[in-house]
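Next, two complexes with chain A in common: one pairs it with chain B, the other with chain C.
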Partner chain A sequence: MAAPIPKNKRRRIALGCEGSANKLGIGVIAHDAVTGEPTVLSNVRHTFVSPPGTGFLPKDTAAHHRSFFVRVAKQALADAGISISEIDCICYTRGPGMGGPLTSVAIGARTLSLLWGNIPLVGVNHCVGHIEMGRAITGAQNPVVLYVSGGNTQVIAYAEQRYRIFGEALDIAVGNCLDRFARTLEISNDPAPGYNIEQLARRGQTLLDLPYAVKGMDCSFSGILTRADELAAQMKKELSQGKETFTPADLCFTLQETVFAMLVEITERAMAHVGSNQVLIVGGVGCNERLQEMMCAMAAERGGSVYATDERFCIDNGIMIAHAGLLAYETGFQTPLDESTCTQRFRTDEVFVKWRN
Partner chain B sequence: MATEFPLPPVLTYYPSSSSTPPSLITQGAEGRLYKSTHLASSRPCALKYRPPKPYRHPILDARLTKARIQAEAKVLDRCCREGVPVPAVYAMDAAAGWMMLEWIEGQPVRAGINVWLGARPETDEAIDAANDAHQTPLINLMERIGTVVGALHLTGIIHGDLTTSNMMLQPWKTTHTSQQQTNGEEAAAKEAAVQGDVVLIDFGLATTSSSDEDRAVDLYVLERAFASTHPRAEKLFEHVLEAYGKTFKKAPSVLVKLADVRMRGRKRSMLG
Partner chain C sequence: MATDSSALEFPCSLTLNIPFPDARLSSIALQAIRVDKELSAMVQRHLSTVAPSEDTTEKSVLQVEYKATTNRMLRVAVNSFMDSLAFVLEVMEELDADVLEPPSS
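Let's turn to the complex of A and B:
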């Protein structure tokens, strides 16, 4: 079933291409042929940053990925210090994500595959990429996973060969809520809107009243965003009249305290439900130190532990696609060229996780 | 684990607790559950305590804790009056974050189902035929779940967190055995695991609503929790819905709405 290992081959190498949102990432990973131990050989990323007050549009983002693909790929190869002939498979993000950017990167991956003599392709689920990379980096064995980013909000636990979704956002993702609020306040998108909200929130002091929307293990963010936008409008109006009852920092502080409390709460519910005391946080919002701190406070009380990674692995990257793809490839999985499509909707629980038991 | 936390203040001064020392039963996501007694040492009770959450801003925490205890007590009281099987409220102090409830004997439905499924020889196979005769005791349980949820919804209450962990199986006074005695002790134990009256607990996220939408979401939460907790018995969930559909006049339209909820937005892949 598994691809045969030549006697002289000590490791398998995969190149991963990620571009489901505004980050174009290409990375190279090696797995020890015997132990499976992963080694990151390179991890290169280039981010499309839009001006303050705007978001990244699919068309512009796709154009960004197309224009930087070759540069980033070359850099990833150079950093890894490997020759093309050593690459076992080329992994790319099959979904979920934005259509245009996904397509651009899938074309890039196919091109590399054909160019380098039909190297097998492996289509990877973006969310599974995050989870597997998080597990590999932190060493968390069987954690409840909180996957929080600009496009996804899911609480996941592994059971019987699938990453099962216990709770998720019913409307917009938590990162989208934060990003869009950054647009309302016209905060810079560089390096990331969420990062700048986090910095601003540190100076906030007053907790304002925002809706708190947890439904079972699911949560909703659109109503909170609407209310936060209303408060921001009220603040601007008051400011023009020379009054100041609260500041942008207070708003960012309140927004973070509220939405993160919701996330920690649903994570805790899932932990209690499956009887696990490990939490792994992945996805771009997972870099937020306030979220990590709150999660640690919750886990400590339960006698558990939190596993989080830093921006190299939390934020979308090519290495996670390479890693998850290589895990699948080692079980004999490949994506034939004529099926190497991508899709905007690709649920985490659709993937058959053959590499775990 | 039982000695890790200091007792909530109420259990250190509540007079009836002096005869029976309170014990920590479980630390749920929402709070801690203690077993104690109420008024008489022969009257067991559950003390539900929501400690302050260290991760939450104190203002937000106080607001949520008080509102949730109050809402939960209100809902339980209403269920009791309407005859929905739930624990009765004995006493409460919302601001202090505690509520004293009737003690429900038995184990959670989740544990019962796992005992039942775990005892099956073909452990790796999903239960396929929904009318599999061997599954009758489990199917009966599923139907009882559907009926109880229906009764709850009829009173205009939405549970908000229906899972098989939030339902207890209160043992019957006499055991009902559908199988022949020749099946032996193991089969009897297995069957006993899924017997009993279904009692709904943990109304911490309950709301009041009679809309098809809210009822359907409530069922959907249960459906997904069931599928993720008992993947092998996923197919049997239809029996819950079938029984639910017979419980009140508007139940069939809730089931129609449930189909919409399943199809909605990001919940579901748009492919195929």
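Let's turn to the complex of A and C:
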């Protein structure tokens, strides 16, 4: 399809819809028509929180997204103060993520596209959304990217129009490890299990013994989780016997120190390979201040620095989908309606990053 | 389209006719929902728009025909369809162009 005919406007505008996990996010972004400078016009999110000791299941999560889509969309449009006729494209998360939740949001995006006069759709890779938003907000030029969330753990560097994966978790994501351990300890999932682990970890006093599982450029977390769960069971047993034992805070502290050290190591390895001393941390786990602190210490030793965004952009959101989608749209990319499906597996390096040199 | 062997393999079936105010809306619902394939090979679905009666040519009714190998698969598929349909209807009611930006009278 030919590149879109540039409208005689000061700015291009995209609506973005995200729902690959338990966060439903809808946002509106504007790109200056001449400079491409991005402006966030609105960024609205609603999170599906499950009770302590449980995780969010696909069917319930999809139902949540359907239930809140209209509300969140209306708020996003109202906050942005735009009219429908100004929207150039509607972007949605194609993948990766959970099937049912992804599809529920895609149906919403398709319906809006059709209702509003066949506005073009753009399917976006969730990981690329995080990366592009991180770059836009922090201004980082060509950093090594650590993308860490409940669903993904990847070390990424840009080369020749692809975001190449240099290292990754071999089994479960680091955020998944943390979230599942929160369930073991029955820590609240509100606002997020990882956030509550971080707060509890600050009160930890004892560094216990956990396996350390870096394997070359990659790392593994499921064995660490198993051991952490064993320690938690041991702690509960000793408490019930009235013995002195370690605390949940000690466990959280130990788990964070261990998995974050692993992330710092594989990030540093990629930096050495690529010859970069800049790190950009994106994804929900990137909000964690202890992780940022440890990464900063490593980067400083190499004469570099760390870029991170705040919870508005770290945590899954619609604006990153709008931004990455609009970047693609501006190079002539569109997703025909009949092809606007979703996929649970969508590798970061599958995307042709035409908008960069 | 339905052959004898197809009826044997997928003995459980259900046809739903969902009326919309006009053909524009029934067509939008059709286009939004049909993109995603049925997840199970044990279920077949056919979506189309049809006229509500012989008196009109406007195809304002969304028709969906489900065929499945078991009643359980049929129920699961139809329930899932109803969830998506209810969602599409809500989006239409609340976010259609003339609802968000009422034409000045």
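Just so it is clear, the second predicted complex is superposed on the first by the 349 of 357 C-alpha atoms of A that agree within 3 Å, B and C clash if a C-alpha of one lies under 4 Å from a C-alpha of the other, contacts with A are read in each partner's own complex, and residues count from 1 in each chain.
In the analysis below, a contact is a pair of C-beta atoms (placed from the backbone, for glycine too) under 8 Å apart; a residue touches a chain by one contact, two chains touch by 3 or more.
This structure is a prediction, so every number in the text was calculated from the model and none was measured.
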item	value
Touched partner set for A:S83, first chain B, second chain C, both or neither	second
Which of chain B and chain C A:L112 touches, first, second, both or neither	second
Partner chain in contact with A:A73 - chain B first, chain C second, else both or neither	second
Which superposed partner A:A297 touches (first chain B, second chain C, both, neither)	first
Partner chain(s) touched by A:T103 [first = chain B, second = chain C, both, neither]	second
Which superposed partner A:V214 touches (first chain B, second chain C, both, neither)	first
Which partner reaches more residues of chain A (counting touched residues only), chain B or chain C	B
Contacts of A:A233 with chain B and chain C, given as first, second, both or neither	neither
Of chain C, residues touching chain A in the complex	28-29, 31-33, 35-37, 39, 83-84, 86-88, 90-92, 94-97, 100-101
Residues of chain A defined as touching chain B within the complex	157, 159-160, 162, 164-166, 168-171, 207, 212, 214-218, 257-258, 261, 264-265, 268-273, 293-295, 297-298, 300-303, 343, 345-347, 350
Complex contacts: residues of chain B adjacent to chain A	1, 4, 27-30, 53-57, 59-60, 64, 160-163, 165, 205, 217, 221, 224-225, 227-229, 231-232, 265-271
Chain C-touching residues of chain A, taken from the complex the two chains share	62-63, 66, 69-70, 73-74, 77, 83-84, 99, 103-104, 106-108, 110-112, 114-117, 337-342
